[in-house]
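What follows is a structure written as C-alpha cells; I'll ask about it next.
Each chain gets a letter, A, B, C and D, in the order it is written, and its residues are counted from 1.
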Amino acid sequence: MALTGTRKWLNEVIFGTDTPAGKYFDVVLIWTILLSVALVLLASVQSWWVRYGDIFFALEWFFTALFTVEYLTRIYCAQDRRSYIFSFYGIVDLLAILPSYLALIYTGASYLMVIRLLRVLRIFRILKLVRYLSDANLLVRSLWQARRRILVFYASVLVLCIIFGSVMFVVEGPKNGFTSIPKSIYWTIVTITTVGFGDITPHTAWGQTIASMTMLIGYSIIAVPTGIVTAELAHELGREKQLARCHNCGRAGHDADSEYCKHCGYKLEDFEPTHGD
Amino acid sequence: MALTGTRKWLNEVIFGTDTPAGKYFDVVLIWTILLSVALVLLASVQSWWVRYGDIFFALEWFFTALFTVEYLTRIYCAQDRRSYIFSFYGIVDLLAILPSYLALIYTGASYLMVIRLLRVLRIFRILKLVRYLSDANLLVRSLWQARRRILVFYASVLVLCIIFGSVMFVVEGPKNGFTSIPKSIYWTIVTITTVGFGDITPHTAWGQTIASMTMLIGYSIIAVPTGIVTAELAHELGREKQLARCHNCGRAGHDADSEYCKHCGYKLEDFEPTHGD
Amino acid sequence: MALTGTRKWLNEVIFGTDTPAGKYFDVVLIWTILLSVALVLLASVQSWWVRYGDIFFALEWFFTALFTVEYLTRIYCAQDRRSYIFSFYGIVDLLAILPSYLALIYTGASYLMVIRLLRVLRIFRILKLVRYLSDANLLVRSLWQARRRILVFYASVLVLCIIFGSVMFVVEGPKNGFTSIPKSIYWTIVTITTVGFGDITPHTAWGQTIASMTMLIGYSIIAVPTGIVTAELAHELGREKQLARCHNCGRAGHDADSEYCKHCGYKLEDFEPTHGD
Amino acid sequence: MALTGTRKWLNEVIFGTDTPAGKYFDVVLIWTILLSVALVLLASVQSWWVRYGDIFFALEWFFTALFTVEYLTRIYCAQDRRSYIFSFYGIVDLLAILPSYLALIYTGASYLMVIRLLRVLRIFRILKLVRYLSDANLLVRSLWQARRRILVFYASVLVLCIIFGSVMFVVEGPKNGFTSIPKSIYWTIVTITTVGFGDITPHTAWGQTIASMTMLIGYSIIAVPTGIVTAELAHELGREKQLARCHNCGRAGHDADSEYCKHCGYKLEDFEPTHGD
C-alpha cells in the first residue's frame, strides 16, 4: 500500500533524505540527539546536579516530549508500522523515551538515566543514509571477513591469560594482591593488552620475571589482529577501488586519487562503490 | 588392527566427529570442561571457598569422576593405546584428573588446583576437528614462517632492555626504586612494551629524559613484529584464497567473498583450503 | 612586480634556499628557534626560574628582538606583503614575538609564555623547502586519503566509549572513583587506548569483568587505524616508487633501493618524486 | 700478508666459523658471555652482593682474566692488528675487560659495573656469522629504507608533544603535578605512546578532556610507524623471496615455503639470499 497525503509527506521528511525538508529534519535531529546526550552526561556530575538539578529536570522532559512526538509520528507515517516498532531502531527509539516515564513510577534509579544514552545509537540511523557510511561498510566488511580468525585469536588469548594468570596466582599469591585466580586473570588481561593500570603489580623476583615474559608475548600478540585486519582491509580496499564507477558513464577502474573520470572527464567527487550496503 | 563391536562404537563416539553421537559427545564434553574450569576459578576466591567449600569439593569430585571414566574409556577404545597415553593430549587428560587424587595424599597444595586448569587445553583437541581451526592454521603458519625474524627481533629487544635498564639503574639509583639492574630491566620491559604499571617511575630530570627516549623507541619497535606478522599473513592469505577449492567441481581461484562457485554454481559455504594441517 | 636591489637580495636570503647565503640563514634560524624554545622550556622550571630568572629574562628579550627584526625584514622584503602577514606562517611569526610585548602590559600570565612555544612550528617552514618534507607529504597524503575512514572510526570509538563508560558508572559507582559519566568515559578512553594510568580502577568483580572486555575490544580496535594507514601508505608508496624520475634522463620506474639510474647510470641520490607538494 | 702456523690456526678458531674448532669456540664464548652478563646482573642486587660478595668478586676476576686472554690472543692472531683494535668490536672487547682493572684504582664506581654489560654486544659479532642474521639484515634494511620517513614522523610527534605538553601545563598547573613544561612534555610522551605510568594524571575536567584528545590522537599516530615499517618490510620480503637461490643449480624464484628446489629437487633448507650483508 502506497502512502498518500500528509502521511506520505511526513514519511518523506522523517524517514527520507532526498527532499530538502528531509535533510533539514535530519540535521535538526542529530543536534537534538547530541544535546540530549550531553545533558545526560552533565546531569551525572554530582555537583552540577545539586546546583542545576531543576534546569536539567526541565530540559530532560523537554527532550523526552520532543522524542515522544517524533516516535508517535514515526509510527503514524511508517510504511509498515509493525515492522518499524519491532525493528532495531524502533526499539532504540522507544528506549530513548521510556526511562523518563518509568522514573515517574520508580524513583532514583540511576541506570534508567544510562539507558537514555542509547539515544546516541540513533545517530547511526541518520548517518546510514549519508555517503560516509560506505567507508564504515568497508571497515565492517573487513572485520566480518576476518571474524573467524579474530575468534580463534581471542580464544587463544583467553587460554593464554588463564594459564599465565594461574601461574601468577601461585607465584605471587594473595599477599601481593593476586587474591584469586579470576583476579590474576584480570591482571594478565590488563598486562597482555599493554594497558597496565598498576593497581596490582608483581613484587617477587619470579613474579616480575614471569610478568616480563607475559609482556613480551603480549607485545608480539598485539601484532596478530593488526595483521589480520590490515590484510583484509588491503584486500577490500583494492577491490573497492577497482569497482568504483563513474556516475556519468558508469565505467570503473579509476585510481584512488582520480578526481575526474578517465573515460569521460566527469567530476568523480560523488562517485560511490557499486556493491550494496 | 581394526576395532570391532563396542570398542569400535566407543572409538567413533569419543574420538570421532562424523556420527551424530560423536558430535553430541563433543558438545557435552566442551561444556563439562568449561564448567569444571569455571569451578576451579571460583574456588580460588577466598570468600566463596569459605562459604561454599563443601559444594565446590563435591562438584570437583563429580568432575574428576567423570573425567576419570572418560580417560579410562579413551584408553580402552584407543586404536593404539600406548601412543594415546604418551601423546600430548593423553598427558593433558591425565593431568586433568591427577591433582584431585594427589590432593588426598598431599593436602593444601594450591598449585595442584592450578594444574587442573590445564583442562582448558582439552578444548583445543575438540576444536581441532572443527573447521574453525583452519584459520588457526593460517595464523600458526604465518607465525612459523616468521619465527626466525621474531627471534632476531626479541634478541635485539632484550639487548636494548639490558642497556637501557643499566643506564636507568646508574641514573636513577636505588633511592628512586631502581634497586638493582634486573629490576631496572624489568622496568625497561614494562616501559618499552608500553604497559607502564607505574610501580617504578623515574623521578630525576635525566631519568625522565631517558625514559622518554625509551618510550619513543619502544613506540617504533612495536611496529616491527606487526610488520613481520602482517607481511607474512598477507602472503599466506593470498595463497589460501588462491588455493581454496569448490567441493563440487574441485576448481580453485574463487574470490574471498564468493558465496557460489564461479565454475559450477555450487554453494561454497563449506569449502575448505586444500593444504593439510 | 619583480623585486630589485637590497629587497631582492634579502628576499633570496630570507625566503629562498638556493643561494649559499639563504642556506646559511636557514641553518642559523633553525638553531635560534631551537635555543629560544629550549629557553622557554627551562624557564618554566620553578627552581631554575628562581635562580636564573634574570638571565632567562635577558635572553628572552634578546630572542624577541632578533625575531622582531626578522619579522619586520620579512614584511619589508616579501613579494606580496599583505598575503605574507595573513598567511599561516606570517601569523605564527607574529605570535612568536607578541607575548613578550604583551607581558609588559599584562604581567604574570603564564599562558603567554606558552604561546612562545608556537615558534617551534616555524621550523616546519624551513624544513618545507628541504627534501625531507617529500616524505612528510607521503605521510600527509596517506592520512588525507584515509580521512573519511578515520572519521568513521573515531565516531564508532566515541560511541563505544560512551556506552562502556555509562555501564561502568552504573556497575562501579562513585564510591570506586567513577564519580560521573564523563569521568567514566575518560576512564574508558584511557583503557581502550591501552594507556591505563591507574588513577581510576575497577574494584568490583563485575567492574573488572567489564574492564577486561573493554581492554580486549580495544586490543582489536587498535588494529583498525593501523590497517587503514598501512593500506593507504602501501598504496602511496607503490605509486611514489613507480613515479620517481632520474634527474639526468628523466625516466622513471627504478627500484626503491637503486643507487644508479638503470637507464643512464646517473647517481640517483638526489632524485625526487614527480608529483608536486 | 697471509698468516701461517699457530697464528693462522688461532685466527681460524677465534675469528672463523668454518672449522669444527671454530664453531666449538663460538659456542663456548657465547655461554661465557651470557654467564658473565648474568653475574653482573645478579651482583647488582644489594642483598645478594652482601651475602655472596666474595664469590661474585672472584667470578668477576675469573671472567675478566678469560676475556683478557681472549683479547690479547685476538690482537696476536688478527689479520690486521690496528684495524681490529680500532674496529667497533675491538673497542667493545676492550670495554668488556677495562672496568675490572679500573676498579682497582677508582673504587666504588657503580657505573663501571654497567660498562661490563656491553659484553652482551659481543654476542652479535658471533651471531653475525650465523645465518640467523640474514633475517636481521632484512629488518635493518627495512628500517634503513624508512629512515627519513621515521625521522619526519618523530619530528612531528615531538612538536605535537611540545604543544600538548604546554597546554596541559597551563590547564592543570603545578598543583596537579604538572610542575614545569618539560615535565608536562614528559607526561605527554608517556601518554601519547600509551605507556601511561600514572605518576602524573590530570585532575581537572578540562585536563581530562585534553588528555582524552591526546590519547585518541596518539592512538591514530601509533599506526603511522607500523604502516611505514610494514610497507617497507612487505616490499623487502617480496624481493628477498624472489631473489633466493638454490645452492645446487643456482636458480631463483622459489615459493617461501618450498622445501625442495623446483628446478633440480635439491633440499633448500640452507638456501640463502643472494644479496650481500
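Operating definition for what follows: contacts are C-beta pairs under 8 Å (C-beta built on N, C-alpha and C of every residue); 3 or more make two chains touch, one makes a residue touch a chain.
Heads up on the chains, UniProt names are A, B, C, D = Ion transporter.
Source: prediction; values computed, not measured.
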If every chain is reduced to the average of its C-alpha atoms, which one ends up farthest from chain D? A
Please state the rotation angle, between 0 and 180 degrees and to the nearest 5, that superposes the Cα atoms of chain C on chain D. 90
Between copies chain A and chain B, are the contact residues mostly the same numbers or mostly different, with half as the line? different
Expressed in whole Å, how far the mean CA point of chain A lies from that of chain B is 29
Separation of chain A from chain D, taking each centre as the mean of its C-alpha atoms, in whole Å: 42
Among the residues of chain A, pick out those that touch two or more other chains and give their numbers. 182, 185, 194-198, 222, 226, 228, 230, 232, 234
Listed in rising order, chain B residues that touch chain C in their complex are 194-198, 226, 230
Contact residues on chain A for chain C in the complex? 37, 40-42, 44-46, 110-111, 114, 117-118, 120-121, 123-124, 127, 132-133, 135-136, 138-139, 142-143, 150, 154, 157, 182-183, 185-186, 189-190, 193-199, 222, 225-226, 228-230, 232-234, 237, 256-257
Spell out the residues on chain C that touch chain A in their complex, using ranges where they run on. 145, 148-149, 151-153, 155-156, 159, 162-163, 166-167, 169-170, 174, 179-182, 185, 191, 194-198, 201, 205, 208-209, 211-212, 215-216, 218-220, 222-224, 226-228, 230-232, 234-235
